[in-house]
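As structure tokens, here come the structures.
What follows is subunit A paired twice: with subunit B in the first complex and subunit C in the second.
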Partner chain A sequence: MTVRLATMGMSGCSGCHIALLDTGVALLDLLKDVELVYSYPIVDVKNPIPDNIDVALVEGSVRTDHDQEMAKEMRRKAKFLIAFGSCSAFGGVNGLANTFDSQAGVKYVYYETRSMGEQRQVPSEHVPTILPENLRLSDVVKVDFIIPGCPPFPDEIAKVLGALLAGETPSLSTKSVCDECPLEQLTAAPTQLRRIYEIPEPNKCLLSQGFICMGPATRAGCKAECPSRGIPCTGCRGPAETVWDQGVAMLDALAALEEKELAEFKLPRITSTFAKYTYASSELDKIRKRVKQK
Partner chain B sequence: MSSEKPRIGVFVCKCGTNIAKVVDVPAVAEYAKTLPNVAYAGWQLFTCSEEGQNIIKDHIAKHKLNRVIVASCSPKLHEPTFRRTIAEAGLNPFFFEMVNIREQVSWCHMKQKDEYAHATQKAKDLVRAAVYRAALLEPIGSTTQKVPPVCLVIGAGIAGIQAATMLADNGFDVHLVERSPALGGKAAQLGLVFMTDSCGVCVPPRYGEMARKCLSKRVILHDPKIQVHTQTEVTQFEGYIGNFQATLKTHPRGVDVDTCTLCGKCVEACPVEVPNELDYGLGTRKAIYLPFPQAVPRAPVIDFDTCTRCGKCVDVCPVKAVHLDEKPKETEITVGTVIVATGFDVFKPEGMYGWGEYPNVLTQFALARMMDPLGPLEGQLQRPSDKQLPKRIGMIQCVGSRDPETNPHCSRICCQVAMKHAWFIKEHWPDTEIHVFYKDIRLQGKDYERYYLECQKLGVHFHRAEVTDVKQGANKSLTLAVEHHSGRKETVPVDLLVLSAAVVPSEGAQELAHTLNMEVDLTGFFREYHLKLAPVDTTSDGIYLAGACSSPRDIAESSFMAAAAASHAAIPMSKGEVQVDLAKSIVDESLCIGCANCFVVCPYSAIKMEGGVAKVIEVACKGCGICAVECPAEAIQLRHFRDKQILAQISGMLANVEVPEK
Partner chain C sequence: MNPSKASSTPKRKRKSKPKAKAASTPDKLRIVSFCCHYCSYGAADLAGSSKMPYPLNVEIIRVPCSGRVDPLHVLHALENGADGVMVTGCLKDQCHFVTGNLHAEKRMMKLQKWLETIGLGGRLEFQLMSAGMAKRWVETTKSFYDRIKELGPNPLRKGGK
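Right after this comes the complex of A and B.
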């Protein structure tokens, strides 16, 4: 039986679709049993979303009213809806826009940027209206599964789709990135923080050395690609299974530091360091919304 | 997690009128019946009574309850009671949840008469939260820890000695550690102490002896059960009840106590003379000296900071007991329990009433040294400036006490000390005029009023007044500007001014608190576990407090408290083990990333890193949950307060408002 697969992009960079194509040979194997019925980033489509979709991969966050409508329509037509990538799953980097006023952003783009020339007005046709908040897919419709990552790992995409084709329930790792990390564990809490440009001691745990490595709070499955190359994890795969809030958990990880150390370190923004991909779904953003309502 | 379906019983208590006056208790019980998983709900007049507990047991049997909620007072008061009740009915004691509708509801809303309906609603909300949580409770077992019969007593003042001898008489081994070279603490420096007007080194007899004993004659040094370590500090300390490991650092004495005959030749020969710190600047000592005449151990000590190592003492010693090259030594000991009895220090009233600036301004403790017949002035009352007998003496009370800028607490003993000194001076030098300036006279305690009446009879002048200024005039006499509470102002000339300086925590108390993982309160004294219910216990099991280290105390109180601490420490040591419930942190080793954050933040040193993962030492863990909060991988959960249990409780609390996702 052929599985009807659809993919769709909302507000995002199409990077997740590139990752899908990057599954390479595995994709060819998958396509034996798959009919790609709708995928405007990959194949030319102008038609509306077809009915009877078995599996839908939805990339990007919900930023406009168009995104919202498309998400709802896809939900109506798809049996199994997957939030594809961290924008869709957690709000993604786009979510950091929630710390700004969206209308001020619109005004800046259409009135204050030089490239606008003489036409200084917000277009009313052919351009969707921006929503006041950047949302993740599950804020709008029910989501059956997520494939996290910015972008997701091709191996994992193939694994999830393969499981679905085999009629199995897909699963993600429940561990944290540290679990897969090959660096030598130091079992010592950092006593001072270090900047990203500083050169770490090779093959030793980055967090213990004082780099803000989000590994402990981030879901495994990436084989610790970044930390194993000396680059601190930025947490693109969202919170690990047991972690309630990724940013808060990571701040907790620095609890053993002297109180003044974090203040003196002068992070440009706490949100973009500790909730870079998850701000729109974080407890911090929930609090901000409540304050705003009042 | 138990797989059987939860059947919850809710018992709401009226606590006489304590709760029922404000909260509509039957309505709360009726409401509880409507909540999920509740198999029974009812109310009682006193749930904690024998009948109340029997009713709980009956309903557990009748309705096959497997979770019990009591809505009554604080868990601090009766949680152990009800846990025992349900355990007697065959349930695991941790299938119990307590809702505090007395302290947190009825008592705090008692004065808002038109808010009683809201108070009832609040009680319902709290009960609902407990019902949500109770459904997720899990059974928790316990473990045992062996406690060896060895106690470390830190501080050999009145309290430390009392505790050490009591424990030794009970058959326990004691390590008695004292920082200074002589035993006896502050009391040993006093010529006479109230109530008995006897000397400060005269202490209660040991068990079975009738006569009171002089400290110097006590056989403490030769007791096979007590190992005395003078000039010793606790430098490292770790572990938990039954397994405390302490490193003791002993500074060199320079004189062999066993061979010394106390002939005093070394002291005579010593060319170095410095002020004696024990005498508050009134007397001097040599670099090799006996701290005070009755000092125990009975041998001089070398102060290596001022010693010039000229070797004269070595040359004159007839028994070759002086060793200038003695090195500090470290001892490691393992003990089952610890008693902290580090006492207090006298507040230095710098910049106050001319102290430290004018020679004739002293503290009460310096006056006590002066009047001690064995002290530096051999009991002579005299002005430090001209060695003359003072004719008029002023005493100012509450110097550095009950003062928000220095120490907010009452120092407890200064009224008694001033009264004792005023009485003593009037008895021996009846022509002296004494003026006491006070805020309040606080003389509670057995027999203290006697001093006050004596003093009044002998003509001591008591002024409820504030001294606003002290000026030194000709002849180094002082003029006090006095403002009476009535508003009247006057100046009072005195020859000698004595300040009743505050009692403050012993020097180094903060460091010791840090080393031993003890808490200190706002005044800097060690914090007891509960002022009323556990005054000698600390937040760390197996560490007890005695004497003035937790609050200013007089000798009698320190003695009581030392006896209490000794008997508390004796409990686990005579049982030989302690039962520890396992409502403690638990590490999911498959999630632990070995970052050691928990190890660093744990205030009780209850976590060790082993094989790259964190391990909880259940006996040491107090269940505070800090590790569970900070764990970045959320690999640590606190049993009985797991995330899901707390989130369920919050959801229950907000069930009528809005339930957050996840």
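Right after this comes the complex of A and C.
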């Protein structure tokens, strides 16, 4: 029996689809049992979504009314819906748009940019209407499983799809990135904050050296690829199992690590550092939406 | 089965649940105050025992240390309709747990900035005081209450205004 797989992209960069193709040999093994019935970034056909889909991978956040309709249609036709990538699972980098007014953005794009030329009006046809908020997939429809990551790791995609094909329940790691990190742990608190362009000491914990590494609050499964190469974690895999809100948890943790110099350092964009990928699903954004409604 | 029998059984009147006690203050503003066990709770206690009046709206939650207060606790309080949140700890270098109050201060300072971006600015107050500073407790609660009164009730409060 072949499994009917569909993939779909909403407001995103198609990077998750590239990650799917990047599974390489594992994908070839999967394709023995899988029939790819709908996938516009790979097959390049935008025909209507076929019926009776077994597994659907949905990439990107819900930003326009078109996305919303597509998400609902996919939910009706798919038995198992997976939020594919951080945009779909938590709102992603797109979620930071919630810190701005969407109508002001529309006004800037269609009225104030120079390249618009003579026709300064919002098009009423061929372009979907932008929603007031950037939503994650689970705000619109019920989601059965998430594959986090920006982009998701090919090994993990293959593992999840393989588990589904074998009839098992897929699972994600419940640990944090620090649990997988090979760097030497230091107990000393940092004495000064360091920026990403500075060169770290090799094989020593980046957070202890003063780099803002989101490892403690981030879900494991990436084998700590960034920190082990000297690049601080930005938290693309969303909150770890025991973390309620990634941004707040990191704020909490960093206060304990900070010394005097750090305390005086004013993070110019606290939100985009601590809640880069999860702002649209954070406690803070939840409150902001409710304040705005009233 | 006789259908009339079923209908003849007297319907039980449900006892109405006792309504949650509304705040006994006339303006119904509610301020949640996290007080550390070793200093600011003592200050509030001293203010009470020395009969210094301070606003009734302040509801005290005792915590072992101000460093125990997670920013998430503050967010949850505001989300559930608290009009203001106060976090109070020991004076600098007098924390029972050495650095708890300093950590709390850093957290709350940054959280205040975050709250400003979502339209709840000014609803979080952080103060340091020792167990003997009953006067400071009274002054702090009074000035914070005045500020909350100016800001008006929390827009997220259940049941509207």
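Just so it is clear, the second predicted complex is superposed on the first by the 284 of 294 C-alpha atoms of A that agree within 3 Å, B and C clash if a C-alpha of one lies under 4 Å from a C-alpha of the other, contacts with A are read in each partner's own complex, and residues count from 1 in each chain.
Methods note: a contact is a pair of C-beta atoms (placed from the backbone, for glycine too) under 8 Å apart; a residue touches a chain by one contact, two chains touch by 3 or more.
This structure is a prediction, so every number in the text was calculated from the model and none was measured.
In the superposition on chain A, A:Thr187 makes contact with subunit B only, while subunit C stays out of contact range. Contacts of A:Tyr197 after superposition on the shared chain: neither subunit B nor subunit C is touched. When the two complexes are overlaid on their common chain A, residue A:Met250 makes contact with subunit B while staying clear of subunit C.
In the superposition on chain A, A:Gly215 makes contact with subunit B only, while subunit C stays out of contact range. Look at A:Arg290: by the touch rule set out above, it reaches subunit C but stays clear of subunit B. Shared-chain residue A:Ile270: touches subunit C; no touch with subunit B. Of the two partner chains, subunit B is the only one touched by A:Asp179; subunit C is not. When both complexes are aligned on chain A by C-alpha atoms, subunit A residues 244, 249, 252, 255-256, 286 touch subunit B in the first and subunit C in the second. Residues 99, 244-245, 248-249, 251-252, 255-256, 258, 262-263, 267, 270-271, 283-288, 290-292, 294 of subunit A are the ones that touch subunit C when the two sit in their complex.
By the touch criterion stated above, subunit C contacts subunit A in their complex at residues 70-72, 75-76, 78-79, 102-107, 110-111, 113-114, 117-120, 155-156.
Residue ranges of subunit B in contact with subunit A, taken from their complex: 588, 590-591, 593-597, 599-601, 609, 612, 629-635, 643, 660, 662. Residues 175-176, 178-179, 185-189, 205, 207-208, 215-217, 240, 242-244, 249-250, 252-253, 255-256, 286 of subunit A are the ones touching subunit B in the complex.
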